[in-house]
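A short worksheet on the structure shown next.
Residue numbering begins at 1 within each chain, and the chains themselves are lettered A, B and C in the order written.
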């Protein structure tokens, strides 16, 4: 079974997470999105990132990753962050189409896209890292501040809670909220519009957009990842994560 | 004929673009604004940048610059960007008084000022670079993000379209919209207010404001300008520009 | 007499400025806040910074600091800025509880905190540095831009004026405005909430938040402080400050 499926509508690649009802971010999912991204880079002029109707993604696959020792978890974390950077710096326009909840790592994947379009339903988005005893990962922190500004970003990070898609739209975390049945068509239509521009010119403006975050990430990520691992493997956090993993 | 005129009202310099009905940015205009800026630097305590009633400026003088080969265009581009950086980092307060359309390069000139005041008329502002197959120049990208924040800036750049002055005020691209007959008096009055502060103190806060953009521009502009030239001299873009130049 | 008092409510440290009815920032106050900060760092999981009911703080203690010669003033300025950086980068959540006016240096102290909660009364906040002929100090400039964004920050700095707490809330300079009798309880309650997170995780997200400003400050402050001193010791500014000091 593939954890991510890929189709094309004209030159727009549609990637759909498919790693289970909650779309947990497993080691395999990270690998397969990364590979898919390499595959589409030559031909895609835009990318839609989709998930399931209940969950876009619930975040890290806790039952799996809780078995990792520190080197294994460090490896997973680095591959996840590298994937996020590749998505964020993709030279074509990207939209995350949110039909379901996007929490923790799921929210982070959503942040890698240029836009977030979501269904007008009672679904949640947010970063509960602090609530679990973890820092919001460095790259996610920077992407969030870039997207919604420092003030809302700090509020959101410090709250450790989820919010509705409607509230997320108010602070700019979600760009458009609309009827579920129109979400994907709207996403493809908007992507096609932007994809109609010269790709060389678009990739140049995208490079300008992401330049500073890319520079800071590449300079600082090793020490930041170590701090994350220190928190991850502390006793109270392992206890929190174990409790949370029961729900998976 | 001079392409820019200069007058003083007390210590406020009023620069008025005067290179034709649409105020195209010609090689001569870039030189003459640059020279005028040098002339006023000793005495001016503030600067108003004005254009015509129909057009503040339509952007690059396409009929002229389309004749440039790559070295010539590279030279023009570098001089234009250097001028924009000098305007942006001017040690005194600056206001762009917009009576007419400010599009593409015209919008970029407007972005170099501390404030943008505009007439309450059906005039347009915007960056259609992507629509032509060009990236928004690096410095303009950073000034725009600085002024209206990343989210609105990306939206505006990705749209490739113009907007009304009223819509531009909503996103913070324009600071004040008012009656045409009051525009210049209001501009001078506001500049005089800020100019009444100690110039040494003002230049220090202005330096803080522009510091990071100046640093990034000076570090990265050579490669960014080359990417712009690559796009500029591609066949489809030359075709677009030729079509656009017919309207001049 | 101590110029700052300290108490604990559970693990939340409450620092209260106590250097006179207007809480001027004297050399002694800077030293004592710095020392208190060192004392609480081992035990505090959050900090409330409070002032008086009339004044949170009026800013620099002009009658004292106007006696300083340039080396003395340079030393004072560096210690004040170092204190602000320590407050800003404190590894625990911080709230400034504003019962009274917070102007000039008082506003700067307020900016070092994660949040600013204020009473619903006719009190003022603002940076009148330019009005006195001084630049807003470099670190304050960056903290302000971080908190309320570049556009409002430039407007506020260029105005040189104070605003009501209500107006400050509109631009995001103040986060919550509420009844005076509830201010401190609300502050402690909110701090306790954030302090309930793992401190290692919180300090990591705080480090991400302040990283770029800390880097820039440490790189550039010597030259910035010299410019401030140049302005401070100019004749017209000394005259302004002498006039202002009469009100103390």
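Here is the rule we use: a contact is a pair of C-beta atoms (placed from the backbone, for glycine too) under 8 Å apart; a residue touches a chain by one contact, two chains touch by 3 or more.
These figures come from a predicted structure and were not determined experimentally.
Visitor: What angle, rounded to the nearest 5°, describes the rotation that places the Cα atoms of chain A on chain C?
Guide: 120
Visitor: Validating interface symmetry: for the copies chain A and chain B, is the fraction of residue numbers used by both over half? Same or different.
Guide: Mostly different residues form this interface, as fewer than half of the numbers used are common to both chains.
Visitor: I'd like the Å distance between the centres of chain A and chain B, where a centre is the mean of that chain's Cα atoms.
Guide: Computed from C-alpha means, the inter-chain centre distance equals 36 Å.
Visitor: Could you check chain C for residues that touch two or more other chains and list them?
Guide: 149
Visitor: Along chain C, where are the residues that touch chain A in the complex?
Guide: Against chain A, the touching part of chain C is residues 93, 114, 146-149, 172, 194, 197-198, 200-202, 204-205, 208-209, 211-212.
Visitor: Can you tell me which positions in chain C touch chain B when the two form their complex?
Guide: 129-131, 133-136, 138, 141-142, 149-151, 154, 157-158, 160, 216, 220, 224, 227-228, 230-231, 234, 236-237
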